[in-house]
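This is the structure I have questions about; it appears just below.
By letter and in written order, the chains are A, B and C; residue numbering begins at 1 in each of them.
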Amino acid sequence: MKVNEINFWTKVPFSKDLWMMVILTILVGALIVFGLSKAPSQARRPIIWILTFLSGAFFVLYQYWPKAINFDKNTQLPNGGIEKVADFLNDSNSIVGTIAQVLAAFMLGLGIFSILKIHGTRIAKRQRDWAFSVVLIVSLLLMVFLGYGDFHIREATKTIDFDNPEKWGAINMGRDFLFEGLLQQMDAAMFSIIAFFILSAAYRAFRARSVEATILLGTALLVIFSLMGGIAYLWDTKFIDEHFAKPGVTHDLIQNLKLAEISKWIRGTFQTPAITGIKFGIGLGTLSMAVRIWLGLEKGGK
Amino acid sequence: MKIKTIPKYTVYLLLVLAASIPLFFDIKMPNKPVDSSAATFKSLMTLEKGDTVLLGTDWTGSTRGESKAELIAILRILMRKEVKFAMWSSADAQSPRCAQDVITEVNAMMKKEGSREYKQWEDWVQAGFYPNSDVAINNVGQDVKKMFSPKRGTDSTGKLRSVMESPVLEKIQKIEDFKLVIDVTASKTSDFHVQFISSHKVPMIFAVTGVMVPETDVYYNSGQIAGFLGGLKGVYDVEVMMDKGLNVPDKDGKIEVASTKVTDQIAGFPGKDNTGSGSKYYPTLHFALALMIVLVVIGNVEMAMARKGAKNS
Amino acid sequence: MPKDDLTFMESLWRNHRIPFGSQYWEQGWFGMLFTFIFVAFILLNIKRAGAGKSLFIRRIPGLNAIDEAVGRATEMGKPILMVPGLSDPVNAIAVQAINICSYVTKTAAKFSNPIIMCAYSASMYTLAQEVIRDVYQAEGVPERFDPDSVRFISDRQFAFAAGVSGIIHREQTAATFFLGEFYAESLIFAETANSIGAIQVASSTEATQTPFFIAACDYVLIGDEFYAASAYLTREPVLVGSLVGQDWSKMFAIACILCGVVSQSIFSFTHSRRVEDIVNSAGGDKDKIKAGLAQLKKDEAHQFVVSKFFRQVDPPEDLKVDREKKPAAEKSPEVGIVNK
């Protein structure tokens, strides 16, 4: 870490300041957890709201606080209070952004506990398909063991080029087999199942049941045809270009009847505005939800 | 009204046949590149030797059918034009590994065609994986130097140094110093790139999966990105343009691959082997789509017959 | 740079050193104003609804189907499956999804119907467990809450898809609710549930996945209907008010778009007329055309166009701001890193 990168959030590694901050953070954290566990349930909601408000306020400030103009952090010092605050917010952004991840990492323990409890009970009670639960728990433990082992070896011996499989040991190979050999392939297999489902869903759902459904069906077929090079070639080149198009004319009514142009028109005129509209609605919904959560107005849908 | 239907497993079997039989034959499909692919090709081909691009790879094994093919096509162009690139990921911890395997594969292709192999540190660097896509992409937009500085790589003498000191990134101070920002993605990182990077003065292109084409079209039509490759069709488009060029007339003055959107004449890499997954799998996509159309037609005929039967009874 | 060429913001900056932020350069402030207007609309309508003003919400069939789906599951004696999306970490979408799920749970709790809730992330699992427990307590039947009904499956997309599909098959769920952020796995869920004949209510905030749900599910909430759900189901003034606020914001946005269309059309029309004039008056002299077009570009830079308000402009790079120089680091630049 370069000395000039030291700021409120970062301290020189192994320095007194850093240890002080670590101890202080643990103490404050423990105090908050203790306070929350002892607080009556009615008092918890305002405490949680205050924390939510402060977290939200940081990002609102980060976004809206005036950012220094043409500021080079490596050679210049911020000018006046406004720029100093902007500089502090800029330094803090990446740190504050990772707090949610730290919290999520703590919660992962609870998630794993849930998996072990549900599948452990199934194995203990010899419930239906309990053998699959054994496979799951063994895979989980094996992946943790080999994953950590591999990480540890890579971190401890950084001079070895681990991109070269010839330099791998048994643990590296084991992790590679589980991660690349099994997990990746199973991921790909699950994803490829979608092709089958798309086909069966299209066969079942693309029916001309009503006027609207017929328009949808026709539009979909035109777009699919435009994606099929063979069909597009037959229609656009062999039919339109060779029989109807005027030589040298690239923009006229006949050209607009080409599948490529029709598809472009459908996508540009209907699809793009529709998606933009939907996205805009969702964006506004998210904004409204965020404002309610931030200001403590959201009470849950009970 | 009872509609008689083809059993589900017969439909699945038909798809297996439609998707696998074309793989045994060398079928050349005619193709006209879509505007977005032509614009992407132009962005890549206007890069010059020694330029540096930021290459985001945010895909994993699940979408490799499309994403890996797209990355191979892009890397072939970058390597043939001797453009340096810094690779980074923010969507999935698996992504850097997947992308690095592709670089090894493309290097082997380059070696086979007699081109120079790309060396890590000198020609490309792995700038790392950063969890929390939105925060990471925002940080790259704000201060790319600060973001990538802690990531270290092995230099040519075997020392570990910050990737920002590598020949690839030594001249990069801010995001605008890259000649092009590319994101090969199967996730939401394309949205975050538009949100946090499109406001900077740096051209940006995406390579997305087929399903993501409609929403990426929105960004392309609004001019927030310079172009994009959409799924297998996008890959085939690029491979065809690499082979035949764009708007390039042949000996008879006939232009085989033309675009109305991109009017520049861009030569590809004629004489080199430009075939890839696009050329291999596009016929498969073609037959699978044909099967879908046939099934949709059959489904509608079945429904019409059932309606007629219900009326008669 | 000659003084006349300075934009309004630049002259302000150079002459008065007003500390506007770089994000507010030129028209950048309009983005902030736009957001403030939206937020003001939402808060104003929350206040209106709180004051007892009756606000109308149109019928949403997908939400009316919730009771039907729960009723059917009760008749069949089979569980209800809920998946509140693949948000990681928990975000506003996830909170909304859990809100709708808590309403479904409330209805299920009344009929003692078993539920299964599958969480994609550990944080979602923790939140969902707390919310669902609260629902049973609020309904006065805490003993009916089964802690194992809320399950963490996996935070890998397709492992999660495989896990949930397995549960749908094994438990033969009668009703399924897929609400929130869904990606490629949406069709896997929907087709699996369809294959066992479950009644399905679904919604994805990802526009590209909505068609898959429409193809395979019985009821689909499209776009912001997902956010309207809580207001529609509970009729709570805060929620109804913010929903109306969203509608006002949409109207405002539509008005801006219309103004933009008119202003851009006028701009394009006058632009093409002036280009035509320049070309005609130049009489084929290329230099004259070039000079005319350059002048036109200069003139147009100051012309009023609505779309300018939505285009962020960065401060010019040559604008130097006097700041104190940073003192050089006294110690060695690299500290604390030990290479092994």
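In this section, a contact is a pair of C-beta atoms (placed from the backbone, for glycine too) under 8 Å apart; a residue touches a chain by one contact, two chains touch by 3 or more.
Computed from a predicted structure; not experimentally measured.
K.L.:
Work through the pairs of chains, note which ones touch, and then classify the graph as line, ring, star, complete or other.
P.N.:
Looks like everything touches everything, fully connected.
K.L.:
Specify the chain with the shortest distance from its C-alpha centroid to the centroid of every protein C-alpha atom present.
P.N.:
That would be chain A.
K.L.:
Return the chain whose centre of C-alpha atoms lies at maximal distance from the corresponding centre of subunit B.
P.N.:
The chain farthest from subunit B, judged by C-alpha centres, is C.
K.L.:
Report, in whole Å, the distance between the mean C-alpha point of subunit B and the mean C-alpha point of subunit C.
P.N.:
One centre to the other, that is 26 Å.
K.L.:
Would you mind pulling out the distance in Å between where the CA atoms of subunit A average out and where those of subunit B do?
P.N.:
Measuring from centre to centre gives 19 Å for this pair.
K.L.:
Between subunit A and subunit C, what is the gap in Å from one C-alpha centre to the other?
P.N.:
Roughly 14 Å separates the two chain centres.
K.L.:
Which subunit C residues touch at least two other chains?
P.N.:
157-158, 184, 207-208, 339
K.L.:
Can you tell me which residues of subunit B touch two or more of the remaining chains?
P.N.:
Counting only residues that touch two or more other chains, subunit B contributes 8, 62-63, 160, 214-215.
K.L.:
Hunt down the residues of subunit A that sit against at least two other chains at once, touch-wise.
P.N.:
Counting only residues that touch two or more other chains, subunit A contributes 1, 100-101, 158-159, 183, 187, 190-191, 198, 200, 202, 204, 206, 275, 279.
K.L.:
Help me check something: in the complex, which residues belonging to subunit B touch subunit C?
P.N.:
8, 62-63, 160, 186-187, 199, 201, 209, 211-212, 214-215
K.L.:
Going by the contact rule at the top, pick out the subunit C residues touching subunit B in the complex.
P.N.:
157-158, 183-184, 195, 206-209, 312, 314, 339
K.L.:
Spell out the residues on subunit A that touch subunit B in their complex, using ranges where they run on.
P.N.:
Residue list for subunit A touching subunit B: 1, 5, 73, 90, 93-94, 97-98, 100-101, 158-159, 161, 163, 179-180, 183-185, 187-188, 190-192, 195-196, 198-200, 202-204, 206-209, 217, 221, 224-225, 227-230, 232-233, 236-237, 250, 260, 264, 267-268, 271-272, 275-276, 279.
K.L.:
For subunit A, which residues are in contact with subunit C within the complex?
P.N.:
My answer: residues 1-4, 12-15, 64-71, 74-80, 82-83, 86, 100-101, 103-104, 107-112, 114-115, 117-118, 121, 128-129, 156-159, 183, 186-187, 190-191, 193-194, 197-198, 200-202, 204-206, 275, 277-282, 284-293, 297-302.
K.L.:
Spell out the part of subunit B that touches subunit A in their complex, as residue ranges.
P.N.:
5-6, 8, 11-12, 15, 19, 29-32, 34-35, 60-65, 94, 97-98, 100, 104, 120, 131-132, 135, 138-139, 142-143, 146-147, 150, 154, 158, 160, 214-215, 217-218, 221, 233, 236, 260, 282, 285-286, 288-293, 295-296, 298-300, 303
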